[in-house]
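One chain, chain A, links the two complexes that follow: it is found with chain B in the first and with chain C in the second.
And now, the complex of A and B:
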């Protein structure tokens, strides 16, 4: 009897796991990321050491550790389903990370475990990309101008700060996630995670300077649930 | 064959001395108050070494030419005293030469290293790290904020590891990737390395000074000509060494003040 119960429970869990796969037309989690307080002033980047990059800007670009928009909107926050959704196989298309004008585009790149990562150098100078992975394998690779993209993948979930060993001001973040249910907040702080099957989820918002916040949400049918996050900003 | 070798030796020696004797390669412009002493010293060293070089080569060529074809059965002749005397004489001559260069050169060296900077010299902190230079000015309060290596955050432009949240003196510190200095004012550069050994080299300033991790080193100099000059790292420091450079901007006093104000407004 007991064995049967365990077996039935196992079947139920398996069934539930299968059901939570992304289905178009499922529910949606959307919302807005904002901050309260005064964020640190972003400083202009001095690229005088690399004239081929410096000349691409009329006014020097600023750092991007905290990017804000009107109405206290907070950009570049990775919002993802950290619990409730099963791990998914990586999509076939590669995530593209471009080095242009001695900056990383995009500043925050989210992709899945085992998804191909392609790093492009569109500058007239050499870069040395160095993702500072702690859980995954750490590497750094030199990429002279005109060389083919560097291709790699990560096999564990991790938020990885990325730097260039040649240009100290270059800084970005890789968000390696376990499933495809993620979004990065836009310049108005908005985000949208569509196609969620009904279920109970934990939504996590990650900001490179302000850390993580989580909220639980339950999706039934094809409804849209609103989830907002407010981060505390500090001037220093 | 021996005679031909002697002749070729003379030609090679004269051809090597020619570009130096005629100053075919001119030194880069000197823009510092102490540079002329370095240039004079270099010139003296070149003359002394050049004469020694030419003399040695010509004597060698002469002997090769004259004694290339020794007749069968002719008797070998030796210089009096044998090898021991020759080595002793060479030792004394070379020793005297090196000693004289050292004594004379000491003046040029002492100008930069054995004299303290003027008390009103502009204090600038230079930090070398793989693979860039950064420079820090004390700001309006005239005081440098304390450095906390654990707070270094390059993505946030905190290259020196300042702690403006807790340390008020560091709030107005100006950090720049370019070394801007006023013309005709002495600069006292306080140098430290963040990671490995580097070097600060500005050929127009006639200054080349290593950064050594763990040591607080400094140089002082006065630039006399407005312009933009290259600062390069001349100590192999890693993969990106070839690209480790910055620029020195020597400005008129009022331009320098404007530059400082502009930088302060960006804080």
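And now, the complex of A and C:
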């Protein structure tokens, strides 16, 4: 009888523990990414060698090595918890990377270690997807129009530049991360990482042209902590 | 007597503990056919013949490297062009062994036919000690290459359609002379400029000279270069058609494919036009 009671109490404690972890709530890290200085001027892309793509744009799209918004906002920054959070199993849904109009959508794609990556070609031209991994394995596959998605996954954390060798203006980034606590800064530079259990964390912000910055933050209860990053822009 | 017996047991236990380290010693071994290569012997050969280009640490930064147009392979990165395995996987020992003996066309890597089979195998065993990938990753399985079907005009024509459809010409040029619209923009994974293969310039490919080698090149891709793998997008029978057509682009190399293609009106016209027109990349090359 007594053992049974202890057992039940144990189950209750366990259940409570899992609940606090799984239930959305917890703390939030949010903030804004900005730059100071003069960022490199993004150049219009000449797609004349690929008419099927060029005709999709009224005015030529520009390169995306630095994408900014009003009030010095910096877009496409990957903000993630680099220390303090346990590694997590990959979610079951795939991360989708689309080639459309000879550009990568999204320009920066974040997903988890061992999460399925699906690469789609919605263009009327062949692309080759060439993620230049250094820590993970480097591969390079051709994807003509109308062929099924290319599926792959990476087993180590890494920021991987992606390019298409046929269309040299196509550049993107895969951010392969160890847990689900990440966000990518929007066009106003804002980001939000919710559902953080109480604890001490290191927040890292990664930008493909300006590198990495880190800040430490302590979350208690369900508070929202503000963390802002300012990157030094390089004119070229 | 009894103590003796327990001593025996202790020896046995010690031997069992020692077994894994014995297996470790065998990690520096590779097997190619009947030849077993040893990293220890390969090390001496490497520091006599290879390190001038490939570097003391195998990172491709040898004394001669700055003078070479196509940089020597960096064995630490563990990425290899010529493989029988899928893109993104390590090559087999056999792949590395044949690379040493074959050399690389259009680069400074000679065919090491001056070395014995044993010495080449020893070298392969040694260069595998430079990259930690050989400890963490297994080499890929060699891709399945079905038997080559009979050569026909239809297969060449179908191969020609595929060359257009799969946009091989974007880099290799409409006549295979390495002068397609994207050719001048190509870089390898170290951001070094790299030129697509010019079929009109000779008979050998980067990774061999046979139809079988050619099949493997586009089905596995040349990792570390812009040449992707087409394994997921070409059916094996179509791949052989493409092989037959690509052979006809080697206009200066007499092959059964070129002979058959020239015997047809369409083929003769195309090949003759190619020889007359020439292009900046193809015209200056003497055969």
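Assume the second predicted complex is superposed on the first by the 213 of 236 C-alpha atoms of A that agree within 3 Å, B and C clash if a C-alpha of one lies under 4 Å from a C-alpha of the other, contacts with A are read in each partner's own complex, and residues count from 1 in each chain.
Here, contacts are C-beta pairs under 8 Å (C-beta built on N, C-alpha and C of every residue); 3 or more make two chains touch, one makes a residue touch a chain.
Small disclaimer: the values here were computed from a predicted structure and weren't measured.
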Item to complete: Consider chain A as the common anchor and indicate whether chain B and chain C clash or fit when overlaid.
Response: clash
Worksheet item: Is A:150 touching the first partner chain B, the second partner chain C, both, or neither of them?
Response: second
Item to complete: Examine A:65 and indicate which partner it touches, taking first as chain B and second as chain C; both and neither are also allowed.
Response: first
Worksheet item: Looking at the overlay, does A:234 come into contact with chain B only (first), chain C only (second), both, or neither?
Response: first
Practice prompt. Check the residue A:43 against both partner chains and state whether it touches chain B (first), chain C (second), both, or neither.
Written response: first
Item to complete: Figure out whether A:171 sits in contact with chain B (first) or chain C (second), or with both, or with neither.
Response: first
Discussion item. Looking at A:130 after the superposition, I want to know if it touches chain B, chain C, both of them or none. Which is it: first, second, both, neither?
Written reply: second
Item to complete: Considering only touches as defined above, state whether A:138 meets chain B (first), chain C (second), both or neither.
Response: second
Discussion item. Tell me which of 205-213, 223-231 or 259-267 in chain B produces the clash with chain C after alignment on chain A.
Written reply: 205-213
Discussion item. Quick check on the output: what are the common chain A residues between the chain B footprint and the chain C footprint?
Written reply: 49, 125-126, 128, 142, 165-168
Worksheet entry | chain C partner contacts - residues on chain A that touch it in the complex | 49, 125-126, 128-130, 132, 134, 137-144, 147-148, 150, 165-168
Practice prompt. Spell out the part of chain A that touches chain B in their complex, as residue ranges.
Written response: 40-41, 43-50, 63, 65, 125-126, 128, 142, 161, 163, 165-169, 171, 209, 234-236
Fill in: chain A partner contacts - residues on chain C that touch it in the complex
77, 79, 87-89, 137, 165-167, 170-171, 181-182, 185-186, 189, 221, 223-233
Discussion item. Touching residues of chain B toward chain A in the complex: what are they?
Written reply: 129-134, 153-157, 159, 163-165, 176-178, 238-240, 243, 245-247, 266-267
